[in-house]
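What follows are several structures.
Each of the next two complexes has subunit A plus one more chain, namely subunit B in the first and subunit C in the second.
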Partner chain A sequence: MTFTLLLLAVLILGSAAAAALRPNLIHSALLLVVSWLGVAGFYLWAGAEFVAFAQVLVYVGALSMVVLFAVLLTRQSRAELRVDAPAARRVVWAVLAGAAVGGVIGAAVLGTNWGPVAPSAPEVTVRGLGLQLMGAHGAALLVLGALLTSALLGAVVLAAPDRPRKEEGS
Partner chain B sequence: MNPLQACLLLSAALFSAGLVIALARSNAILVLLGIELMLNAANLNFIAFWRFRAGAAPATGVLFVLFAIAVAAAEAAVGLALVIALYRHQKSLRLQEATRLRG
Partner chain C sequence: MIPAALPPESWLEQAPLLARDAVTGLLPQSWRWLAGSLLEIAALLAGFGLLFAYLTLAERKILGRIQNRPGPNRTGWFGLLQPFADGVKALTKEDLIPDGADRVLHFLAPVVLVAVSLLGFAVLPFGRHLVAVELDAAVLYFFAAGTATELAVFMAGWASRNKYSLLAAMRALAQLISYELPLLLAVVPVVLVTGTLSTTRIVAAQAGWAHGFIPRWHVFTPWGAAGFCLFMVAALAESNRSPFDLPEAESELIAGHLTEYSGFKYALFFMAEYFGMCALSGMAVTLFLGGWGAPAAFLGWIPSYAWFTAKLLVLLLGFIWIRATLPRLRLDQLMRFAWKFLVPLTVLNLANAAGWALTAGWTGPLQLVRWAVALAAVVGPFVVLGRTLSAGTAPRIYRYA
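Our next item is the complex of A and B:
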């Protein structure tokens, strides 16, 4: 059980680190997809199957395609895919900031007494989840639908090309 | 170290990796992907607490993560549309060049 977690951690963190280091934009995007897949594996390991499937559908399936389309729409030549290496000073500061945040959170995690650990995952069936979503959390689900609709309409408006203005007085 | 702590450490490391990507890279798409990685780390925390800490209603953590994933999808759609709009205006995705608002 712990070995599986270690394997998943290596997969998630290794692909994320590789994505941070690769100069090629498409390589980075695909490596991050591997990282998301590792997170879905973690959800399976923890017993949250429905969340794992949602993660695969939304992140690995849909979001990766949208990202790849954005990469392809915003390049002019093959050479442009190679992002030039960031300035050394920025990299140093970024790594310092990341290490500081990770260190603070890690110290807090290790220094806290978390009490007893539940031996098994809580029983959650898909039927139970659906009843919860439609019953107790119905209002939140509606708000979420409205949010998604307006966000996607806004995305279309933002990404659409500007219409040529009508000449006034002609 | 109990398994809950291991999961939380993994989540903290993933968050740090996303932060480093978002701060170090200058391409707008990669910055957005770093932010997505940080969101994933937060979801990982929810699932870890749901799995290893009894107490709340059994479906709470799962529902929380489902809503978070949906909101993250909306955020990514708007973010990538902004990336495309940025590219149309300045013909480049380098964030150092997006200085039109500088006084």
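Our next item is the complex of A and C:
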């Protein structure tokens, strides 16, 4: 079990590091997808089947496309896909920002009162998860739904042409 | 593996399990689960590999007969060895890689595509005892595994370093993403009514016969029939089959994102397409056509896997028939069809299924009301949406023809 976790950690961190270091943006995006797959594998390792598949569906299936489309739509040519080594200032700022995020998350993890460990792992079914989501966290789910719907409508409004196009002949 | 529900089990029903146990019985106890899993994988690969081979032959033969020509008939009896000749040809052809291509991604794209398209078979219940992996969230797993095909298509288009490949890959991605939404939304009613994401329990929910002779398959309910049709249309588009095969459109678009592929890599793309088609058809059988269940009680002696295979083959032949019948759509027609027609209909069908589930207790004349309302909720939006969307576009007048 620990060995599997170690392998997964190497996969997640290794592909993430490679994604940050590759000069080619498309390679970075695809390596990021490998990292997300590793996270899904970690969820599977931890016994959270549903979360793992949802992670694959959302991150590997959908978010990867958003990233790739964004890269392709913002670069004019293949030459622009190359990312040169950043200047020292940017490296310093990147490390500082990363350390800040890490600090906040680490403080949150350390500050949490975990409580006593359950004697046996609880059996989590999809049904139980659904009931939890719709019951106790129903309001949050609705807010998220409204947020995503408004984002979708915004995208439609942005993408729609201002004027109706002229009808083609025939 | 689910416990047997029916008391008398014929020897044929048990045959695959007995064969597996006979092989794994030769090994020490601690190795048996591994050998069993490997055997299941080998059986799936061999079975669907052969099905792929003969599906290509059946497609060529049937297309040939529909177009009033014999089809391949020279290799072996009635052309029966044609798939193997095709395989040898694909293996011995030169594997061309463009000079500026990204060699690693160019190689990985077909490999990832085939690997991913095989994953879906793991959760399909092929028979009463035949499901490779029993998962609580099997339906979600199936569609999560399918989403990675989009990445492979992008890799193929981008790594070829060819503007036609890249443009075609973006076009194919737009199609795959657009049709994934109706595909998933068409499945949700089944999950809603059966209350489970497990494929074996969805099949179990469709067991039995209403009035003693009508199978309780989902396709025989109004929402199920609509869901089945919507699912199959979206599945046609997801597996790049005609009339939605414009990502490859070999006659107009020089095979799209496959432009720079040749030899066995090209064959791998087609293998993945057929695997995807088989997996989606198997899912349709599981979700709507009662899975491995027999259509009538007195036919129960025929083993369950034979029924699954028969239903799967009927759907696959339907795919081929549609390819021979319908012309290819244009990209704008394809997009309009997905977003303005399929997505609204699938959402309405979800509401319809919810109503069906809520009125499950109705009996007597109320039963008639239930059916009438559900049928109206299927037919009404279909007619209204279809009429509205096609207004002004049909009938078309060809001035120069």
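In this text, the second predicted complex is superposed on the first by the 118 of 170 C-alpha atoms of A that agree within 3 Å, B and C clash if a C-alpha of one lies under 4 Å from a C-alpha of the other, contacts with A are read in each partner's own complex, and residues count from 1 in each chain.
The rule is short, and it goes like this: a contact is a pair of C-beta atoms (placed from the backbone, for glycine too) under 8 Å apart; a residue touches a chain by one contact, two chains touch by 3 or more.
In this text, all values refer to a predicted model and were calculated from it rather than measured experimentally.
By the document's definition of touching, neither partner reaches A:7: not subunit B, not subunit C. The partner of subunit A that touches more of its residues, comparing subunit B with subunit C, is B.
Looking at the shared chain after the overlay, A:146 reaches neither subunit B nor subunit C.
When both complexes are overlaid on chain A, the residue A:16 reaches subunit B alone and has no touch with subunit C. Once the two complexes are overlaid on the shared chain, A:39 sits against subunit B while remaining clear of subunit C. In the superposition on chain A, A:134 makes contact with neither subunit B nor subunit C. Residue contacts after overlaying the shared chain place A:56 against subunit C, while subunit B stays out of touching range.
Shared interface residues of subunit A (contacting subunit B in one complex, subunit C in the other): 50, 54, 62. Partner subunit A is touched in their complex by these residues of subunit C: 102, 105, 135-137, 140-141, 143-145, 147-148, 150-151, 154-155, 158, 161, 170, 173, 177, 180, 195-197, 396-397, 399. Only residues 26-27, 30, 33, 49-50, 53-54, 56-57, 60-62, 64-65, 68, 72, 78, 125-127, 170 of subunit A touch subunit C when the two sit together in their complex.
Interface residues of subunit B, counted against subunit A in their complex, comprise 1-10, 12-21, 23-27, 29-30, 33, 36-37, 40, 43-44, 47-48, 50-54, 58-59, 61-63, 65-67, 69-78, 80-85, 87-88, 91, 93.
Listing the residues of subunit A that touch subunit B in their complex gives 1-2, 5, 8-9, 12-13, 16-17, 19-20, 25, 28-29, 32, 35-36, 39, 42-43, 46-48, 50-51, 54-55, 58-59, 62-63, 66-67, 70-71, 73-74, 76, 83-84, 86, 90-91, 93-95, 97-99, 101-102, 105-106, 109-110, 114-115, 117-118, 121-124, 128-129, 132-133, 137, 140, 144, 147-148, 151-152, 154-156, 158-159, 161-162.
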